[in-house]
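These notes are about the structure you will find just below.
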Amino acid sequence: MTPTPLKMLTIVAEAAIERRIVNELVAAGVSGFTTVEARGFGERGRRAGDWDQNRSVRIETICDAATASSVAERLLELWGPHYALIVWLHDVQVLRGGKFGADR
Amino acid sequence: MTPTPLKMLTIVAEAAIERRIVNELVAAGVSGFTTVEARGFGERGRRAGDWDQNRSVRIETICDAATASSVAERLLELWGPHYALIVWLHDVQVLRGGKFGADR
Amino acid sequence: MTPTPLKMLTIVAEAAIERRIVNELVAAGVSGFTTVEARGFGERGRRAGDWDQNRSVRIETICDAATASSVAERLLELWGPHYALIVWLHDVQVLRGGKFGADR
Amino acid sequence: MENLLDPAVLCFVLGLAAGLARSDLSLPRALYETLSVYLLLAIGLKGGVELARSAPGEILLPLLGALALGVSVPLVAYFVLRKIGRMKRPDSAAIAAHYGSVSAVTFAIVLEYLRQAGTPFEDYSAVLLVVLEIPAIGVGILLAKRGAAGPAAGWRSIARELFLGKSVFLLLGGLMIGVLARPETIGTVKPLFFDLFKGALALFLLEMGLVASRRLAEVRTVGPFLLGFGILMPILSAAMGIAVSLGVGLSPGGTTVLATLAASASYIAAPAAMRIAVPEANPALYLTASLGITFPFNVILGIPLYDWASRLAHQIGG
Amino acid sequence: MENLLDPAVLCFVLGLAAGLARSDLSLPRALYETLSVYLLLAIGLKGGVELARSAPGEILLPLLGALALGVSVPLVAYFVLRKIGRMKRPDSAAIAAHYGSVSAVTFAIVLEYLRQAGTPFEDYSAVLLVVLEIPAIGVGILLAKRGAAGPAAGWRSIARELFLGKSVFLLLGGLMIGVLARPETIGTVKPLFFDLFKGALALFLLEMGLVASRRLAEVRTVGPFLLGFGILMPILSAAMGIAVSLGVGLSPGGTTVLATLAASASYIAAPAAMRIAVPEANPALYLTASLGITFPFNVILGIPLYDWASRLAHQIGG
Amino acid sequence: MENLLDPAVLCFVLGLAAGLARSDLSLPRALYETLSVYLLLAIGLKGGVELARSAPGEILLPLLGALALGVSVPLVAYFVLRKIGRMKRPDSAAIAAHYGSVSAVTFAIVLEYLRQAGTPFEDYSAVLLVVLEIPAIGVGILLAKRGAAGPAAGWRSIARELFLGKSVFLLLGGLMIGVLARPETIGTVKPLFFDLFKGALALFLLEMGLVASRRLAEVRTVGPFLLGFGILMPILSAAMGIAVSLGVGLSPGGTTVLATLAASASYIAAPAAMRIAVPEANPALYLTASLGITFPFNVILGIPLYDWASRLAHQIGG
């Protein structure tokens, strides 16, 4: 199999907006996503992850480059100003591109 | 030190096959791997991660490109058809390549 | 927005040195970092993550390439010889480069 | 309806309601795991202490009866699923394994139910629970693999999955500790393992309600046949359990226990084993049937029904 | 000073000390979540059992009094924050919501305090707790949005956040189970939900001490006004609570309860709702005030003070 | 052999068996952390309550004795490891620190053992536990750094690691709460911290069995010398403990306690401190010795042995 080049969009955000981020991802038509519990530090201070109000999630989703960029922009627009949130992109190769909508 | 280019192989799979995936990695001779607990959503539905039958793991291993591809293919072949499983590759630079078998 | 290219530095280390790694990151002036609990396997054996002495952390920080390399070298120098520790780099694109000190 | 006014059952209903209303209530997985280890160990311990009081001879016949149930219930279930439900072989076999095996939590609930009502039951009941866990899983695997080369993961690795799986291991371990430990020293762990048991069961049922609610939400996707199966099959199994109980001479209380065991569907040992031994079976089907339909049915309505039927059978039979 | 010699309060002080000394003591988040589910459910359960004993008629007036407090306390707080503190509207509104709403743990502590002292209080107190949780949050949102189109996330999604949030859901669920369950069966869960309650509260307070210490460390960054507000506002609210209590005819014990409820600031329901409904408010401000200042103040000094004042008010009034 | 029939010890054996048989039984780390916080705090609390009953004067001599043990045991251990075992300096020093320091869980087990047997012991025993935790760790660091510039991480950061580490912090905190809290109010947390103690210990030992089994599996890799050391060193330390006990006039029960403390090897405070202060020591060596060999030996065989020896010594001495 030749690997298909796609984008990985990774989002780290405070847990309060997890559900709404996921709704955006689903609305954008991504084929799936993977979430892990996270803690950390950034502009908005320390998030120690030891109670509801300071835990974060790290969500990653593989999709085509266009979707990745547009979702990233939208998330930053919606919640960037008021919530702890960062997003980044990087290139990945997947083996069964069809699964990720690469050959749609 | 000049960084050595290598591949990162990342696997997200249902927890039921974790032990067997790890056995494959070891059999393929990778120098190590890192695992975190995950949840998510994909073709096979939602994996909320709140009890044994719906938790996932996210395993990543750094190795040379050939090993990465062949392991990825093998995992997809063995468990792709019946288990929640995705794999992807991306390029990484490590500082002590020897540790990852890069100069074997 | 045009994405800004930056480096992701990822560190997997035994939990005993987490605080000190974070101090190094802060001293190096990174704008933030994200931590998740991890377990794994490497040169120094299995880290099952089920009690204090064998759990690991996976820390990632986005910064410019120069900082990423110099921090990586420093961590390996300080703790590479005696602690379970690996670091790697890869390229990422972020949407609001300013946040990560990209346009300082 | 009285069963519904038990706090543990009400906690289950609360969990179901939270899940169906999409409340953001959630319990950490660590709590789920802790409570399930605790409950299995405590069930074993209690069972072991009681077992130590019973005469070895009297166990033999009921044990054989339980074994017969453990083999025949999955065969009947498989037949129903294949012939009436027209389901695929692997799915039928996997579901059959779940219904032939047992749920330790359902067992705990029926025991509390009988204790509450003051109905006596046999001291060695926990042995029946342990004995019923595994055979049906073996039957299920054989049914799935008929004509094929063997289970996907090899018999050895499946046997290890079963006997070393946390469910059987903790129940057996608890049983042995309960039998071995001197009565004076058991007293020291009584506050945790005995006195708190019912409360911990209530908390676990809250969590099970949440998990079951997500399964219940998938009932549409599995179709009406499986919904009916999830309710009628346990009633049929309970009837088989009652018949066997009368045959091997159990008391009315013991009959209710064995009927409930037969009616209960596994959601720890069987899913873990089936996922590995019969990967081509769709987990959504067996998990939804076992956890989304049969478990709530048994907890809320089934147990009182089986108890009523057991007492009736003894009145007619006796 | 006697309150300080209570083991639960001492555990809180220990947690505070550990955090301030930067000890590496930390408790897993799963424990925090488990204890908070447990405490909310247990408070509800106990409250429900007591509620079942009280006459429906006697609740009405105190309920209306509580509602009046739930609306007026946040209005007063908002006024103080805007006019005296010169804080921004969203911040003022969000903080006001916290101080108008209540803390279930503070409620639990005052009840233990009264039980310890042998002071009786009204059987339906838990209903007052539940009733006070939500109105102030609504008031806070309205204050934040005055003139604006509506809350950021839409009223529907906020209402769901509130009523289906774990805090209200578990308290209400517990209350209903406590009322519905037959007394005999409640006894079976008593060892977990009643006997262990105070110990679990102590453990939770250890963890709260750690969390509060991190907030306390941020007091410098929020400025002296908020520090003063975090101590004087609860005293003012308590005074309002005492006045209302006398008006609706509560006993001295009940007066202490309502005063403490008025003085307590929410740290579960309000932060969750405000974060979504008023995202432009800075969480560092309301969390530091509520958790870093007011909570420790109430636990250590406030409750004895409010109790003393309540008794005094009854002596003068009676 | 009677010790083996204690349910907590049997739970440990069950955990060991599960690990060695490679069962998939596992307990969440959050439970491990929760139980270890709980046990340390409860040991402290109980110790504090008892301490409040004892006269300050009688503590002094035993305290000095304990301090002498805390310094001499690691010196002896270091000598044995270097001269007989021919191990590297950092490894020897780190292992010596573990054997000079103590295990709070082993302490809890010996106390339960004595209570079960009805043997009285000194009220201030928990103080001996606290006093023995730290000196040996200091000795170990000094031994590792002889001639070198100082510990890798600086003395200050190591002192903070020790005194603010969760082990010493919780024990001391518990002690202080136990001493300070009024007896009436301690009663309210008794169900959690006292009555459940033995059961929680059993559950923790189940988990320790799993952890120890993984260490035990590495015994091959550490060589026969360390295996022998892990069994003979605690016996030697216990003998030293008995001698000191007789010297400072402890009762037979107190002698068993001090002997067991001397024999026990730390697995919370010492590993954390050594990993930071002596990074060049191989953790596989000290963890395997302390947790894989000595801990199981003490729990299963050591404690009855030390008790027997203590009573014998008192018969001969008295």
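Letters A, B, C, D, E and F name the chains as they come in the text, with residue numbers starting at 1 for each one.
As a convention for this text, contacts are C-beta pairs under 8 Å (C-beta built on N, C-alpha and C of every residue); 3 or more make two chains touch, one makes a residue touch a chain.
Please read all numbers here as calculations on a predicted model, not as lab measurements.
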* Could you tell me which chains are in contact with chain C and with chain D alike? => B, F
* Between chain B and chain A, is it the same set of residue numbers doing the touching on each side, over half shared, or a different set? -> different
* Measure off the straight-line distance from the CA centroid of chain A to the CA centroid of chain B, and report it in whole Å. => 19
* Asked: Per the centroid of Cα atoms for each chain, what is the distance between chain A and chain E, given in Å?
  -> 35
* Asked: How far is the middle of chain E from the middle of chain F, if each middle is the mean of its Cα atoms, in Å?
  -> 41
* Asked: On chain C, where are the residues touching two or more other chains?
  -> 36-37, 49, 90-91
* Asked: Hey, what residues on chain D touch two or more of the other chains?
  -> 26-30, 33, 191, 196
* To do: For this structure, give each pair of chains that are touching.
  => A-B, A-C, A-E, B-C, B-D, C-F, D-E, D-F, E-F
* Residues of chain E that touch chain A when the two form their complex -> 26-27, 29, 32-33, 153, 210-211, 214, 267-268, 271-272, 275-276, 279-280, 283-284, 287
* Structure fact -> The chain D residues in contact with chain E across the complex are 2, 5-8, 10-11, 14, 17-18, 21-31, 112, 116, 191, 195-196, 198-200, 202-203, 206
* Asked: What residues on chain A touch chain C, complex-wise?
  -> 12, 36-43, 49, 56, 58, 69, 72-73, 76, 80, 86-91
* To do: Would you pull the chain B residues touching chain D in the complex into a rising list?
  => 14, 16, 20, 45, 48-53, 55, 79, 81-83
* Inside the complex, what are the residues of chain F that reach chain E? -> 28-30, 33-34, 37-38, 41, 45, 160-161, 164-166, 169-170, 173, 176-177, 180-182, 184-186, 188-193, 196
